[in-house]
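Right after this note come the structures.
What follows is a pair of complexes built around chain A, which joins chain B in one and chain C in the other.
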Partner chain A sequence: MNSTALIHAIIDGVLTGSVYALMATGLTLIFGVMDIINVAQGILVILGAYLSYALSAHFGIDLFVGLAITIPTLFVVGIVVERLFLARLKGPERTAMSILVTYAISLVIEGALNMIFSVNPVQLHAWYVNQSFGIFGIYIAYIYVFGFLLAAGLLAALYVMLYRTRFGASIRASLADQTAAALIGIDVKRVATICFGIGVAVTAAGGMVYGATNTFNASTSYDLISRLLVIIVLGGMGSLGGALLAGILMVTLEDIVAVAWSPVWSQISFFVVLVIVLSLRPQGLFGKQSARVA
Partner chain B sequence: MNRKGKLFRTLGVTSVAAASMMMMATSSGAASSSSIAKGQPVKIGISLSLSGDFSADGQAFAQGYKLWAADVNAAGGLLGHKVVLDIKSDASSPTQVVTNYKTLISVDHVNLTFGPFSTLLTLPSAQTVNRYGYAMIEGAGGGPSIFQAGLKNVFDVTLPVAYDLAPFTKWVTSLPAGTRPKTIAYATSNDPFTQPVVQTAQKLIGSKIKTVYNKVFPAELTDFTAIADAVAASKAQVVVLGSVDVPTVAAFMQAFQQAHYTPKAFIATAGPDQGATFVKAVGAANANGMMVPNSWFGGSKNPSSVKMVASYIKKYGGTAAGVNADVAEAYSVGQVMAQAVTATKGFDNKKIIAYLHSGVTLNSVQGAVKFDALGQNLAQTAYTFQWQGAKFVQVNPVGDPGSVKVLYPKPAWGK
Partner chain C sequence: MLRLKSGLWLLGFVVFALLPLVVTNPAYRNIAVVTLIFMACATSWNMFSGYSGYVALGSAAFYGTGAYTMALMANHLHLQGGASMFWLVPAGGLAAMLVAVPVGAIALRVRRHTFVVITIAIFFVFQLTAINLSFTGGTGGLSLPYVPWGASYFEVPFYYVAFAILIFATVLSVLVRRSRFGLQLLAIRDDEDRALGLGVKVFPVKLTGFVMSAFVIGMGGALYAMLQGQIYPQFVFDPIFDITIALMAFFGGFGTLLGPLLGGLVLESMQQYFTVTFSSGSLGSLYLIVFGALFLVVILFMPQGIVTAVRDWWVKRAARAARDSAASDAALAGGSH
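And now, the complex of A and B:
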């Protein structure tokens, strides 16, 4: 085995995995606070990619600069979706119903995107998308580095918000126990709405990087959501740190196996790890038993 | 008789009755398809991947079928009956495609069926319509698994895919020793369409060019970075990519560019043949030098093809180079069915199947069509096409009047 190729695979895995982690963080945040499994997260990532595409192709706005528009836009989309559809879900079947409702939302958005942009695959273009720099004989693409820095920055901002602000304390209290949080005066519904908005907003950044590193159309969302769900299950549903670690672990492991052994086994190897972890820790790497029960 | 016995007898009677009703429904559905009252349209049932992994191809196929139907109707229809297409979306699912054809035949009572996109979906579709006695003429199910299934009702109007790369392999191995590439890399999706193509190419090339990378990757894979980087690290002078769509080819091209690696020749089994869709996704400058095997291209001088391309541009816009090869495959399906219907003077699927197996030579925008006992069309020639600037041109077989010189070595990315 070529050691340079192996090192390259690890670097690729860490850089790409961080972007998956960012997308999955939104999903796990939403589940942790609201007990909602948002299977529309995949199509929302693609929506974010298409928004960046529209701004770039039609207005010449740089992909990263465009995030100043797409992130708030998707935050508002998240708020609207939560208020219109998810806030109405009540009772013990709420989590199961959320899968159906968000799947329906996903289908509607997919249909709309197909109508507006057609099913022909597109990719985001900018100077840094295809360019790279060399270091110790390995070429590293700028877009992966920029994507990693963006993901790291946003995850850090999310961390600061969660652990250094009053609102973050409200979120953490809701994550731990919604009933107790409500009893101490936290407006759990408001926290849930904003959390859903934040969870959707991060898809704008994830979608932009995904669209710059992959050709996509609306149907790409199905591949994405399956990977995102697997990440949060491995990391522990509701755990932000777990999503980060699982995202990086998944892509890095797949890349290493693809290079060192065979691409055929790359995805299977990850699922083997997933089964082993879940056998030993049914709640995932960092999940709490209560989070799964909720 | 005890209670349990009564229950079993009731269940038995119900099952027999249900089975009888299903048989009656099936036979009546098939029977009703053979004769059409005067003034009534002929209904053709098709399942296409309008969403999912094959959606770009599915939409192009829909364009081809609709274009054919419009042209036929403008000329008076099939035996005087207006053609109506009943298209259902299968979301690129081998399960849904079966449901769709069952519905088309037993509920919608279509008279004829056309094939879906891809070998993956054509096989279960052909097996399904075979149970109802329907012919399945198709244009994108050329993998060996289709013809090894022992079906008598399937007819692929396009050249079988296994030898798609034969002209390319002949060209690359017969280059003068000084310019002939020394190393080659094979990377292919484990798809029933791509694997036979790449495996045949490997056999034809043999040890004439040293293999430095040879891997199969899962069809469901979405992140190709590690594999593409491994190919780049092998520094192979030729890359043969077994791909089914544009995203796969685009991912490898992007990774190669990022790795500052340009192979001397790069051929993909599918993707670069998607016309404007491919160029838009990868960028016009990057498309330069990319090669793809096929049996048709927009610049074909076949009079039937010239007419279809003009009709396409009038209806959908664009240029001849931008017309997706899927459009021609779908259009050919319609043309072959029309000739079979005209020859058999009706819509009886049994007669149509017998006619298509009779060894008759038919015409299509892709060229001659003549089916062997397995339903393969062996009358066509495999070609290799290449993007040269904004033009999509035929480069192989070498010596063919329609072939131009191969752009070799491939220019650097973006040049």
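And now, the complex of A and C:
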């Protein structure tokens, strides 16, 4: 293995990893506030990618400009899904039920996407997808850098919202303890609905970058959701910082394994690391240690 | 009530036993075999996940292990295609149990939702391994010895073997439910810490249940491989299988005996029918929409599943009838004075 390839893998990993971190942050935020595991996150990423695809292919709208349409659209999709299905889930099996319900939603969306866009894989195109620039003998397509900047910008915005606004304070209170948050007068239901909307809205941005850097069809969502779940469990479910770090670490590790050993086995490294870490630290890297899980 | 219940079970048994004599279309018989396999797998899944509350979403790892055991052993033993291959079905189940021991030992260290995710992760390790190893044939999969039975009765032996597996799974599920071991699983589902405090050895109990449930799922995979004659890693280690059997159990009634049977019967036969009918064109995706939407409707209106909802309705009706007749008795008694 030469060092250029290794450096390339690390740069690639950090750039791509930040996009995964963004999508995983949405997922972990939803879990932390609502105790809901949104398995539909994978297909929603693909939905976001297809929306960008439709806008750019049929209306010639630039991928990044199109986000002004796709992000609010997916926010609304999230709100509707939460109000219609998830708000009704109650009782001790709530989290398990949420997995099945969001999976069923995911199947419906998958079927619809297959019917509308067919199963032939597509990829998003723009000048920055096809052109790359060289630095120290390494060539990187512009989209990786733009995608990184987008993800970093959105994550920063999310953090400002969480740590500098009143609404962010109520989200963090709900993350810490839902019952206590309700007791001090926070409308936990409303916070949950909006959090779900935000958690889903980030998939529009993630999906656009994903679709520009990979070919995709609806069934790509299985690969995506399994990675996102691994990332949030590894980071500690409900931990925003954990999702961020685990996202970048895991994708970088996968890229390094791909050049150091073989691309064939790199995907497995993802899951093997998870199994090892969880054997040593069942709550994940930054998860809350809960003595009693209902 | 008890007689009605056993009568219905007997009726179900007779209908299933006679079905291949009535249904002669090979396509429909094939649907019936696969449906029975799924009913058995869902019942077995429910025996661990439904009773213990630990929703496992990696069962395709066991299904695939069973399928590959069947394919590899049949090829290495140079078996003639035919009934002798059925002996490898329990071997597939045993292989799945063997694999389930380390999987369970890792996954059951964590609770509930983390458990769900880690089972998914372990499943993907299996799928990727099957795709990447050389002895599994990679993405090209493996061919099994050709089974030279005539088209007019090809599926019939498969049907009865699948039926036998289903009966085994159902009886096992009943026995576990009525045993001390089953009560321990239910105690874990209700409150694991309290169960631990009361002296239930939770980890061995969970692991035993997990490994037991892998047996039938492995047998299902082995039989499916033999029926297909050719297996591919992405179809026997299929993430949709993971979720499908869980959806079946929840659809019918999570933790009930009849629930996974009903869920498997309705959902799998429907899915197979859709696949056969709309195998070409974009309509093939229609079943995903119908399947998902049907599940959503059931779960929103009957969150406990169909079986539990019907049972509650029945109990309420009986209670009301009893109250009404008691009231009219009282009225009559009052009138006679």
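As a convention for this text, the second predicted complex is superposed on the first by the 288 of 294 C-alpha atoms of A that agree within 3 Å, B and C clash if a C-alpha of one lies under 4 Å from a C-alpha of the other, contacts with A are read in each partner's own complex, and residues count from 1 in each chain.
FYI, a residue touches a chain if its C-beta (ideal position, glycine included) is under 8 Å from a C-beta of that chain, and two chains touch if they have at least 3 such contacts.
This is a predicted model, so every value here is computed, not measured.
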{"item": "Clash or fit, chain B versus chain C on superposed chain A", "value": "clash"}
{"item": "Contacts of A:190 with chain B and chain C, given as first, second, both or neither", "value": "neither"}
{"item": "A:96 touches, of chain B and chain C: first, second, both or neither?", "value": "second"}
{"item": "Touched partner set for A:267, first chain B, second chain C, both or neither", "value": "both"}
{"item": "Partner chain in contact with A:282 - chain B first, chain C second, else both or neither", "value": "second"}
{"item": "Contacts of A:104 with chain B and chain C, given as first, second, both or neither", "value": "second"}
{"item": "Chain B versus chain C as contact partner of A:220, first or second or both or neither", "value": "first"}
{"item": "Which of chain B and chain C A:233 touches, first, second, both or neither", "value": "second"}
{"item": "Partner chain(s) touched by A:112 [first = chain B, second = chain C, both, neither]", "value": "second"}
{"item": "First, second, both or neither for A:254, with chain B first and chain C second", "value": "first"}
{"item": "Overlap of chain C and chain B interfaces on chain A (superposed complexes)", "value": "110, 114, 118-119, 222, 264, 267"}
{"item": "Touching residues (chain side chain C, partner chain A) in the complex", "value": "53, 55, 57, 106, 109-114, 116-118, 120-122, 124-125, 128-129, 132, 192-193, 239, 243, 246-247, 250, 254, 282-289, 291-293, 295-296, 299-300, 303"}
{"item": "Chain A-touching residues of chain B, taken from the complex the two chains share", "value": "50-53, 55-56, 58-59, 92, 190, 215-218, 220-223, 225-227, 229-230, 233, 245-247, 250-251, 254, 257-260, 277, 280-283, 286, 413-414"}
{"item": "Chain A to chain B touching residues, read off their complex", "value": "2, 4-5, 8-9, 12-13, 16, 110, 114, 118-123, 125, 129-132, 134, 139, 141, 213-220, 222-224, 227, 251, 254-256, 258-259, 262-264, 266-267"}
{"item": "Residue numbers on chain A that touch chain C, as the complex places them", "value": "31, 35, 37, 85, 88-91, 93, 95-97, 99-101, 103-108, 110-112, 114-115, 118-119, 222, 226, 229-230, 232-233, 237, 264-265, 267-268, 271-272, 274-275, 278-279, 282-284, 292-293"}
